[in-house]
Each structure stands twice: as structure tokens, then as C-alpha cells.
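Next come two complexes, and both contain subunit A; in the first it sits with subunit B, in the second with subunit C.
Let's look at the complex of A and B:
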């Protein structure tokens, strides 16, 4: 009898200790980047924190710093213990180290934000920035096409683009922008320039002033902190600029036409939501586009109030056609 | 009452170092407590990150390598009375030069490495030649001119990388170097390569040079007592120029080791601050090449350990940097005290 009682007791203990595994396992998420303090990175952190509040996930943020020598060890330190279900990674300078470590730990699920790489074991959160840029290009083209009858617009029939570095994702912005302008205003030409750096606002300002000087009246900033100079230049020259990644209307009130938002928060939140709700995130590419709210063009109220109604109507049609897939936009390779 | 025998110089130094370390740990512990972490756990993680297993030790040595070679470069300058603060720039140009040979030419394996390294050395020496010339010809302060040369070097290599040699697509970096230009790795599980051995050999060779050769003695004399050296028939300007040139060459070599051994390409901003770390390591070692091996190892362990610290504890990168700085500060303060008491001879660079 005694033995039986003991066995029973042991059984109860075993069942009790096994219980927590029946309940939803806590999801452990890490995120690593050198850009969590600025623009797009802030948007990602917002999404992660929202997921933490809503789903009670365990969240670890790691700053890579700027020493290329460290990246591999940093990834390996995160991946080695296998304690993280998902590791979010953002930043193109990390790609080499990431792919090397991912090959060493093929079971560790890395989520690369903002691009698609060769590795088959990773998850890619890709943004249809060409769709948002298409809308931005269409808007800029139509406004420029109005000519001097619209406030601050000259006879130049040109719009500008300041890119940060010449990397694939920035090329994709430019491609969408050019196609959008051509679609909505075939007479307007696009002048594009790359700063070669994401960290030089003075250079951004200088390049934007050059573009304004050459007859462009609207300049699209896709240059991170370099782009802050572009926004400032639009106020100095009293022309227009288009913001990127986050809402930039406040950076030069009256001179910002709109911002093309890349919703990093929407993307990371959606991915974590799937994981938490039991839809295990598997390797492959997930594109966040206009239809799913991953990208959107947010008009600035002050300027939007002055826009002719037909431009607003046409923009809405274009928005709908792009979201429905009626307008096909080529992605930059 | 019996008086205790005075401890010998070495013992006193070690006791002082231990005391400094304890002070640093205590200060660090206060900061760690302020962010609600356990100081013991943080320091254990730091140690585990630096020496936890074979891979971690290799990681520490990997971090040590560039600091060591840059440190030797600084030592050579300091001994000759030249404060080469431009090692950062020499490192960048050397790194770029080696990578360029690595991807632009196809050569047989061993020769490829040698040619790439040679060009790295030449690039480093050439970069310091301008400040060196102004130093010996016009007496321009080399601290100022070499610091300024750093900015030019960093931006110049950025320009080369972005506008002339950027690989299509991807980040701002050159195409990868050919495998024939790779420095051999020491273990299969780490990127640690023979660069470390080059650094140690260089440290020993430099120490032997200063200890046993007439030329080495002449350089030391020019550094500590230039008037006396001149009186002894040494061409002070020529020696000074040579010292800076060799120092710059070693700085270039450090860059070559990094690109050929670790990154296998040149990236814009590939090794920020490594040159300055080397200068600090050399100063902590009081200009001794053998001492620099240990100070560089100390820095390398801090760097490698902090990488795990960031992942395994809630300490942020900023907190880790503060703790590192505290440890360095405490250790260096003690060394400066010792220098005042024990060292004779006048250095031109006084702080």
C-alpha cells in the first residue's frame, strides 16, 4: 500500500511539473541592430514593445555598436543557447556575419528585416517600399505638373531623390518613385543622387539644395539621418520634401508634402503575433505591402489642405490600383 | 617593534595594480547595482565571455590581435620620443591596401599574402611620412598632425570603397579578397589567425631590438634625452623620422592583418577606434613592447567579455562601456604613480 501511495504521489508531482508545458510556452524574442535609436529602428522597437505588452513575450534588445569584428560573436552568443525563438536582425552591414552564424546554427530562426538574402534557413521581413514610393512619386509628379499655379512650384518640371547609400533597398525606393512619377505625370523627370552615407545631414542638405537649384521643386529623402539635411533644406529653399520611414511632417512644417511610412512596427508585431498564437513562423519571405499596411503614404495636413481635389481623387485611385495589384511595379534587382 | 621590510618594486607594483583593480570593481559594482543587476553575476559573465571555453578564449585573442599590433606601433614611437596618434589612419590605409592587392590581383598563395602585407606596410609608412617630414623639418607637433591625418585616412578609404571599388549590391565594401590572400586560421572554430603570432613575434623582436642593439639604444636615447643623444653624435632628426616611419609601417601592418585575416574584404569604417586602443595599451604598458602584450590582452578580454555581457545580462552597451572605462582608469592611474617614482630619464611627451 505504502509503495502504491508513493507511486501515486510521484505521479501527481510528475503531472504537476509537466503542466506548464501544456499552457502556451512563453515566446522568447531577441532583436539586434545598430540602429535602434533612429528612424526605422525606433519603429521596430515600438512594434517589439507593443508585442511585449500585448503578448507578454520575453524581449531582449542588443546594440551591435559599430565594430565589424564583434558582429559574429554577438550573433553566436544569441544563437548558441537556443533560448530565443526568434532573433530579429536589422542592418545591411551585418549581413556577412549573420549568414555565417546562421549556417552554423541552422535551427535558430533569424528574421532579417528589410531585405532578402540567399540563406534558406532565415525569415525575411520584406517591405514593398516600391509600392509606397510609387504613390510618393505619383503625388510628387502630379504636384510638380501643376507648375507655378501651385504654391512654391516652379517651371522646372522636375522632382528629386536623395538616397543614402547605393544599396539594393534604396534602389528599390528610387525605382518605385520613378515609375510612379512616370505613371501619373509623364512630363516630369526625376533627378536622383546618392549621398554615399546615411550619417551626414550636411551632405544631405547640400545635395538637396543642388537639386532645388537644378529646377526640382520636390525632393524625396531616402537617406536616414543624412535625410534630415534634406528636410531642413526644403525649409531653407522654401520648396517641398518627402519624408521616409516615419512621419516627418513636423521636421519642416509647410514644406513637407507627405511621408512614405515603412511600418517596421507592423511587421515585427505581425510576425510575433503569429508565433504567439501558435502559427509557427517558418523560413521564407514575408512581404509587407500597401494592402497589408506595411507601407503607407501619409500626407501632411497643412499642405494636403491646399491640394486640388482631382489630385487627391487620382491619388486614391492609384492607391487602390496598387494595393489591388492592378498596377504592376518592377522591383529593383 | 620590528619594522616590516619594504616590499620590492615589483611587489609594490603588483600590490598597487591589485588595489586599483579592486577599486575599479567596487566602482563598477555601484553602477551595476544602480541598474538592478547583481555585480557578482555581471563580473562572472564578463569572465565567462572572455575565458569561458576554447571558443571564448579564441575570441579574446581575436580582439587582442589588432590592439597588440597597434600597441607595438605606438611603443616604437614612444620609445623614440614620437607620439604617433595617427595609427588609426595608418591602420585604415594599410587595411585598404592589403584588401586591394587581395581582390585586384591573382597571385600564388603565399606570395599573395606577402605582397598584400608588404603594400599594407608601405601604405602605413607612406601615410605617416607627411607628418613625420613636417615634424623633423619644421618642428610641427606630430600629435596634432597625425590626429588630423586620421580623419583624412578614414574618409579617403571610405571614398575608395564607395566610389571606386564598391562591390555591386550590398553594403559599402570592396569585393571579397581571393582565398590565396587569406591569412591562415589557427583553429577551425574561430576566426583567430596567424596575425596573433605576428603580433607576439613583433613585440618580442621590438623588445630585443631596444634591449640589445646599438640602434635600439640610440632610439631610446633620442626619446628620453635628445640633447644628450645629439651630443653623443646621433642625428636626432634622422632617427626621429625613421622612428615615425617604422611606427606607421607597423600600423599599416595591423590593418593588413585585419582585412586579410578576419574580414577578407575592406568595409567602410571597418575597425573604428582600434588605433586609439593600441595607443592606450602602449601607454598603460609604459612603452614596453612585452608589457603591451599583456595590456592588449587585458583590453581584448574586456571587449570579448562585454559581448556576452550584453546578451546575458540586462546591462546595456553604455553601462558596459562605463565599466570598461572605470577599470582602465583605475589601472592607468596606478601605473602613472609608479612611473613618477621609478622611472628616470625625461620623456619629451609629458602629461
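Let's look at the complex of A and C:
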């Protein structure tokens, strides 16, 4: 009898704790992008799916495809029914259409992932890519500074950067990278180039080969599929590359130093978590930084094993100082 | 000396960038000289790049990959041939259709087979073409002038690179010194006359289209098996159209085609090289200007220097036997 009473009590407690999530309206989320299948998009989908499993949200994924002409219609279709609490949007090519539709439906909460726009009615999931890039730059700078005594490094005292298009978000990566290199290895020069496109791996490879030819031994790619070419060029030239957005160690094993990860999954999960737990997500910018795990630099084990311990130690100190705000990094405008 | 070494580096980069253009432009030369316009070079290249990347990734053999690339590209050419030659449809519409179908199909199949967002897995080892060092390349490296030219510029390219440049005299010889070439050109200028001579216009044109397929197959395979290791969605990035422009620029002649492709490659290499380096007298130039430079120069050259480009007379016109 005593046991039964105890079980009852436990049941009541369980029911009570489960109650708010049942009583609250189910959260409806839509996400729209043309890039769910690759790189950064995959990590966003992972985050959304994790939220779906953990919180039982209603999730709809919309792939825009390459139909640039009807972006607005696709947004309007999602917004006009008013059934979605949050609509996640990823991709700079969608910005114009997004801003128009958002002006038409000011009460619809759009979450723009990976950037900040002018509109006041939207939520922006922003990444402190300058912090991650700072760490990447510091790492590359210190490794380059070792000179020929480290495998595959020459005497060029230069590191490279290949950007996709010359747009503010890519400039922000570059800025962090340059500041990081300057902080950790003031003698090392940063050579930066832009491909002008995110979809041309052959051009990425050629740009990287040129940078290697000009004395750089480590090249950081922030160029989407164009960057694939950069990673492979590092294998061809037998130099080093740095990956971006996702773990790219497997792209050119032995030639990838590290990857600067932007954790899209962490960001969307955190936003949905707030919404589900009753902390309504309001318009404004939310930045996911080094401290909150939104960005991180993941070293590739095969190369990391060869790195001198003092570089690793120094990198950890820098990591800590950036996360604590002791090192201030300027954002590119 | 520094200037000389940068020049060698730019020219080396020019060669790498010209190869896909050269294969594709020579491919276009074969069909267009036979009177079949082909705006689908881009699509066929992309299809070949995908097939080559996919098969090489699965089998681990670069040769099977190359064969698959050629096979797919020839198959697409035959589709174009069927629509444009047998069914006498619009050659432009058929070519554009191929571009669209391939752009979509490669991503869908790639995603279905490899689950990497339309990419094929990165290739390494024997699944990818390796660069070839010519004999004595290392020994000559230290020799001034000749050393860099031989061991940097001429040596250390892919097999397909050498093949592309070998295709230029071969194409010239086939077109101008063989019976097949004479008939092929005649079919593009005056198919009626060829028909009167008792030669099948349709079969001639099909053969030209197949030649085109083989060459675009090489172009695509170069992109996914040599220049980079693996297929990436939309990786041709307009090279098929640039090849078409080079073909017109070269007035449909093989040797001119080579120079046109080298010029486009050179402008591209130059814009890459000059980025971030200040120019003498002018100073720092915006990146966007450097990126637009190849296209600006193309327009200027096309508008001002080549004179009138006259396409093959029967180009784009389906052949209908007179009754």
C-alpha cells in the first residue's frame, strides 16, 4: 500500500512536470533555404531535427532550389497562413525577397541565420565568426612562424585566405583571421584573395595554388564549394589548408590543419529551446560566440599530433582570452 | 628574374585554366562545323564531370571514371543529336534543355547515391589523375631561364592537359586532311551537295555529335578527376559558355581555338595573380575590378579585333531532303 502511494505520488509529480509542455501550444517551425544539403545547411538541419526529437515541434523544411524568380512567393506562402511561430531562413541570395515579405507580414517572426539585416521585425542568429577566425589565424600564424623546422612549412612567413565573394560576412572572417595572425605571430603576413563566386572549385584550387606559389604555406578557405578546390589544392601542393563551417579534415587528410566550425545546429536548437520553454523569441540579434559554443576551431588530429606543445598551450590561452573578452576583436563593417 | 618567375607562374596557371575550355571548344568545333549548334556543351561537361567523379569514387579507378564521363557525355550528345538531327527540332532549345536537365539530375542523383549534398566523395590515390613529371625536369630545375620554363611550365601537368593540347593538331588534321573532315565541313556548309554525292547527311552529323561528346567527356573528367578531386554541384561554372565564346572568337578554326582558350585562361590567371597586389602607377585596384577584367577584355576583343565571325552556312538548320 505504501508502495502504491509512493508510485501515485511519483506519477503526479511526473504529470505535473510534463504538464506545461502539453498545455502550451505545439511550436510550429519552418525552415527555408537552398543549401540544406551541404556543409553549413546540414548542421542547421541536424539542429532542427534534434529540436524535433527533443521537443516534439512541428517542423517543415522548404528547399528553394534554384528558382530565384519565386523566392518571394515561397516566403509569402509560409508567412500568410500564420501557422508558423518561427521561420528560419538561410542564404544571402534570399535576403531581398525576405525583406520584402517580412515588411508585408510584420507579425511573422523570421529568423535569419548567419547575418544581420536592416529590418527591425526579424530575429538574427549571428555567429561570432571573427572570434573563430581569430583563433584560426593565431594557429596558422604560429605554425607558419615555425618555418622550415615544421613539416611542409617554407620560409615565406605568409599565410593565405581565399574568400568566396567580397561581401561583409566574408570580410568579417578575414578581419578576425588577420587580427589573430597579427596577435600571435606579428611577423607573418596575410595574403587575401577572393574568387568572386562560391560555386567554382577549379577557381578555388587555382587561387590557392597562386597563394602557395607566392610563399604562403597555410590557406584558410571561406568560400563554400569554391573552397573545396582550396582544400584539394593543399593536397596537390602538399601544403596546409584550413576548413570552414564544418569539419573538413577528411577533404585532404594530412594537409588540413584545422576547421573553423560554425555550429548552426547549436544556434537553431538554442532558439527553438527558448521558444518551447516559454521564453518567447523576440526580434533582435543573438550572437553565438566562442564562449557559448556557437563557433569553435577543431584541429585535425593527424596534424595536431605533430604540433609543438607550446603552440597548443598558447592557443588555449588565446582561446580562453577571446572567450572571456580579454582580447577584443574588431568586427568588419 | 622575379618578374620572369611570376610570368612563368601565370603561364602555368593559364595552362591549367585553359584545358577544360580547350576540350569543350574543340568539341563545339566538331558539331558546329557539321552544322549542329551546341549550346549544351556546359551541360555535357557537367554530366561528364559528375559521372567521372561518381564512378571513380565507387570503383577507385580513374580510368573507369574517365570512361564513364565520356559515356555519359556521348549519351547526352546522342539525345541532342536525336532531337536536332533526326527530329529536326530547334538545336538551341535542345541544348538548353540538356543544360537544365543535367544541372538538376546531377544534384539529385549525387544526393541519392552519396548523401553529401550533391557532391561526390573526395578522391585520392589511384582514383584521381596525378601530375606527370617530364624526364630531366628535376635535373634542369636549377638552370636559369630554361629550367623554370621546362620544369615548371611544361612539366608537372596532368595527362589530360597534354592530351588537350595534342588534340589541337589532331583536330586540324582530321578536319582538313581527311575525307571524313572534308565531308564533315561540307555537311555544315552545304548539306544538299553532300547528299547529292550519295553520303548520308544524318550519319555524318551524328558522327560529329559523337566526337563532340567524347571531347566534352574529357573536359568534364578533367574538372572532377584532375583539377579537383570530386564532383561539386554546378562545378563547370559557365565554362561551357566561355568555350562557346572562344569558338566564335576563333572563327571555328582549331589553332585559333587554342589561342582563344589560352587567352581566356591567361586573363583569368592574370586576374587571380594581380589580386591583392598593387599595380605599378595605379596602386591598389578593387577586387571586383580584377574579377571583371577577363570579361571586360573579352568584350573589347570580341567587339574590336576579330572582325566578322561567319558561322558555318548550314549551322543551326536541320537538314531536310528535297523531294
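To be clear about the criterion, the second predicted complex is superposed on the first by the 311 of 333 C-alpha atoms of A that agree within 3 Å, B and C clash if a C-alpha of one lies under 4 Å from a C-alpha of the other, contacts with A are read in each partner's own complex, and residues count from 1 in each chain.
We take it that a residue touches a chain if its C-beta (ideal position, glycine included) is under 8 Å from a C-beta of that chain, and two chains touch if they have at least 3 such contacts.
Because the structure is predicted, anything quoted here is derived from the model rather than measured.
Novice: Would you mind checking whether subunit B and subunit C clash or fit side by side on subunit A after the superposition?
Specialist: clash
Novice: On the A-aligned overlay, A:196 touches which partner chain: subunit B = first, subunit C = second, or both, or neither?
Specialist: both
Novice: Is A:141 in contact with subunit B, with subunit C, with both, or with neither (first, second, both, neither)?
Specialist: In the superposition, A:141 touches no partner, neither subunit B nor subunit C.
Novice: Between subunit B (first) and subunit C (second), which, if any, makes contact with A:78: first, second, both or neither?
Specialist: first
Novice: For A:180, using the defined touch cut-off, is the partner it touches subunit B, subunit C, both, or neither? Pick first, second, both or neither.
Specialist: neither
Novice: Does subunit C touch more residues of subunit A than subunit B does, or is it the other way round?
Specialist: Higher number of touched subunit A residues: C.
Novice: Identify the partner contact of A:41: answer first if only subunit B is touched, second if only subunit C is, both if each is, neither if none is.
Specialist: second
Novice: Can A:243 be said to touch subunit B (first), subunit C (second), both, or neither?
Specialist: neither
Novice: Kindly classify A:166 by the partners it touches after superposition: subunit B alone (first), subunit C alone (second), both, or neither?
Specialist: So A:166 meets both subunit B and subunit C here.
Novice: In the superposed arrangement, does A:229 touch subunit B (first), subunit C (second), both or neither?
Specialist: second
Novice: Which one of 59-67, 131-139, 185-193 or 293-301 is the stretch of subunit B that crashes into subunit C?
Specialist: Superposition on chain A puts subunit C right on top of 131-139.
Novice: Once the two structures are superposed, pull the subunit A residues common to the subunit B and subunit C interfaces.
Specialist: 66, 166, 196-197.
Novice: Report the residues of subunit C in contact with subunit A in the complex, numbered from low to high.
Specialist: 9, 13, 16-17, 20, 103, 107, 111, 116-119, 122, 124, 131, 223, 227-230, 232-235, 237, 239, 268-269, 272-273, 275-276, 287-288, 291
Novice: Inside the complex, what are the residues of subunit A that reach subunit C?
Specialist: Residue positions touching the partner: 35, 37-39, 41-42, 66, 166, 191-194, 196-197, 199-203, 205-207, 209-210, 213, 225, 228-229, 232, 235-236, 250-253.
Novice: Looking at the complex, which residues from subunit A come into contact with subunit B?
Specialist: 30, 60, 62-63, 65-70, 72-74, 77-78, 92-93, 95, 165-168, 196-197
Novice: Can you check the complex and tell me which residues of subunit B touch subunit A?
Specialist: Contact set of subunit B toward subunit A: 49, 59, 62-63, 66, 158, 162-163, 166, 169-172, 191, 258, 262-263, 267, 269-273, 303-304, 307-308, 310-312, 316-317.
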